[in-house]
Amino acid sequence: MSDFQAIKEECCEANIQLPKTGLVDITFGNVSVSDPARRVFAIKPSGVDYDDLTPDHMVVLDYEGKVLEGDLRPSSDTPTHRCLFLNFEGIRSVVHTHSRTAVSFAQAARDIPCMGTTHADYFYGDVPASRDMTAEEIAAGYEWETGEVIVKTFAERGINPLEIPAVLVRNHGPFAWGPSGAKAVETALALEVVAEMALKALQLNPEAPLIAQHLLDKHYLRKHGANAYYGQK
Amino acid sequence: MSDFQAIKEECCEANIQLPKTGLVDITFGNVSVSDPARRVFAIKPSGVDYDDLTPDHMVVLDYEGKVLEGDLRPSSDTPTHRCLFLNFEGIRSVVHTHSRTAVSFAQAARDIPCMGTTHADYFYGDVPASRDMTAEEIAAGYEWETGEVIVKTFAERGINPLEIPAVLVRNHGPFAWGPSGAKAVETALALEVVAEMALKALQLNPEAPLIAQHLLDKHYLRKHGANAYYGQK
Amino acid sequence: MSDFQAIKEECCEANIQLPKTGLVDITFGNVSVSDPARRVFAIKPSGVDYDDLTPDHMVVLDYEGKVLEGDLRPSSDTPTHRCLFLNFEGIRSVVHTHSRTAVSFAQAARDIPCMGTTHADYFYGDVPASRDMTAEEIAAGYEWETGEVIVKTFAERGINPLEIPAVLVRNHGPFAWGPSGAKAVETALALEVVAEMALKALQLNPEAPLIAQHLLDKHYLRKHGANAYYGQK
Amino acid sequence: MSDFQAIKEECCEANIQLPKTGLVDITFGNVSVSDPARRVFAIKPSGVDYDDLTPDHMVVLDYEGKVLEGDLRPSSDTPTHRCLFLNFEGIRSVVHTHSRTAVSFAQAARDIPCMGTTHADYFYGDVPASRDMTAEEIAAGYEWETGEVIVKTFAERGINPLEIPAVLVRNHGPFAWGPSGAKAVETALALEVVAEMALKALQLNPEAPLIAQHLLDKHYLRKHGANAYYGQK
């Protein structure tokens, strides 16, 4: 029995959920789950079919990027996940997909505007599209620098990653995160849903307004924070 | 055996139908079913997976909002349902979803225009988008005031809620209703279908006309009212 | 055993195929199958779930509209089917659906333009949208007059219904037909597919050209007519 | 046991995968698999349902177009496949579909622009739409000339068919290819996915830029070529 059995199982289960959500085609997606106290995380191996995954396939790395367990090569996006675990305190799982409508916003270089309560239930404002990466950043270490650009986007725009737990990497696609593998996958799904709603709303009315601040506050805060009253407990 | 067994079973069955229609993602939807003679209704508990629902999970409340039966917290949207039962005489079930295209119209602040017979078979005219809620309304009691805004929308525009059994709450999403849980869910599905048809028709022809009044009358009245001749009986 | 067993079975089977194609929501669709030599046809009963259909549910009528067999009320669209059997010689089955993209063209009052070979494989040119029905026509006998407007549309525009086996009834939806129940359902599916392709192509290029006449001829004629060489035999 | 058992089995399996990907409606698609050393290929028979296919149904032809094995008529598109095998050295499988969004680009006479990393993972630049075929080409031998137009499109635009393994035949639809039946089907699926992403991105921002060259290089080359590091090995 592995020392890291719990995060390997949670990570495997979350990866298996991905194609069931309809978010991923082929092998375009991966989930990691961390144990922040021990500064380690488990992640999907690169290019393996979701149908074949077992907890033993998960690769375990420490926060410095050293492989601690696993025979397979970890996802090529591993340095991006690692960068987010190091910089976004309080998250335990990162999900990357190429879900189609969220990718479209990333390719259009547009934030997903917060136009309704579905969005407000998950994200406390617009989901940001990051800036273009430079040739230097890509040459220096593409996947790590992808994480750096995400972190800088949140810092420069003053966004709290616990309040807006997703980003669109320009010309690439979405990353989402959360307190568990299951919740991070749910957030990645919510992101695709609100992207589709925003796309269609903009087609119906290119001048459609953002949600009013008081309605955004109400919906976000009835599900999150000290006075939340949605769900059981 | 509960005193409210019949409405709990009907309510449970209607909630279970919701994800099968493709109308709801995650837990974005709920159905209530009332017994108007006794002034009570059953409703889905908040944030529980549809797969796990049994009639015993349903929460029963009276029309004043007091819980009569059930161990779980009722849907956070319960006051909206209650407001509609109190104000729209003749309805027995209310359905709330975040179905994607209907939400898009709500976010675009547009009515769903009645452009064809599919629409006319269910709704005797445009399905209205309500006005924005004020900060005061949201502070006063968000979910109850959501119901009030729906009721006012129908009153101000002179719409009969039995003839147009659905509404788009601005920046939020659709509510639909009907004489039974099954029929209210069917109406919520029809609403999403006609929203998609209207979106695409407007893409093909932004100046596409509404359905002619005589065709609207014909289709609505062959399914509804004293001289209906659709279906068996 | 019914005298009309063969057409009842073919009709039932074709109706059961309808929801499997994704063409119909709820009960928005029906198929009829005729025996032209005996001037009779079988049709789906009105408002019955597809899952429950058996051949014995089919209603058999003669070409004058008299019910010969069946305990249920036939589809409310029966007079439209009957009108097409009487006027379009050589067809044996009629399918009516509210498939979403084809309906959108009907609501937008636009023909489905023949933009590619998928279309040309089934339809030898644009699929026409009929004109609006007048209040007089609707009052005189809505469903029969719907058939009359289809027949007039083909006559006025000089279209051969065997070469373009479908129509979009304005503000309503598609009818398709063919030599058998299975083939008519396949044509109704092809219609929805080409409607979606045309909608998206027009979004990408509002000035996109029609298919060239020589390519239309080639594709239509390699599947149809004396020199066809597609399929086995 | 056939002399060509291996390619017949690989070809059958790839054809059976086609409808599971959602790429094909009805019988709109076919796959061939070649044995380049022996200059032979297996291909789907024309107009046969995917559900019914077994390896014995596959038709085997040599590169001159002579049938070597099989009782059924080969796909009507066989000469197009043969032309690609003769001209694009290094490919072993060709897939033709009428997948809906890729067809839309073909009908709109637009290349699929390379707007993001999903695209760059499969195609090293825009996927070209071929020019219109002339009446003379169609009369001379439509399916063979379709192949010729594809080959000329790549030659005239200086595109390497191993780097951009797909094309949109104008007013018709996509062909994709690859080193195996499974990989060619995967590429045909990726093509449809990136077509949908590009369509939606252009709806959100008609002026959306192409992917930067350094990001295109990075993504394409991390999956392809001597220094690839995606997947296992």
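Letters A, B, C and D mark the chains in the order given here, with residues in each chain numbered from 1 onward.
The criterion applied here is as follows: a contact is a pair of C-beta atoms (placed from the backbone, for glycine too) under 8 Å apart; a residue touches a chain by one contact, two chains touch by 3 or more.
Because the structure is a prediction, the values reported are computed rather than measured.
Student: With touch defined as above, tell me whether chain B and chain C contact each other through largely the same residue numbers, more than half shared, or through different ones.
Tutor: Under half of the interface numbering overlaps between copies: different.
Student: Taking each chain's centre as the mean of its CA atoms, how far is chain A from chain C in angstrom?
Tutor: Measuring from centre to centre gives 46 Å for this pair.
Student: Can you check how far apart chain A and chain B are, centre to centre, with Cα atoms defining each centre and the answer in Å?
Tutor: 33
Student: Which positions in chain D are in touch with at least two other chains?
Tutor: 202-203
Student: Taking touching chains as linked, do they make an open path (line), a single closed cycle (ring), a hub with spokes (star), an all-linked set (complete), or other?
Tutor: Contact map by chain: ring.
Student: Write out the stretch or stretches of chain C touching chain B in their complex.
Tutor: By the definition above, chain C touches chain B via 25-26, 28, 45-48, 72-73, 76, 98, 100-101, 103-110, 132-133, 135, 138-139, 142, 171-173, 199, 202-203.
Student: How about chain C: which of its residues touch chain D in the complex?
Tutor: Against chain D, chain C makes touches at 115-118, 186, 189-190, 193, 196-198, 200-205, 208-209, 211-212, 214-215, 218, 222, 229-232.
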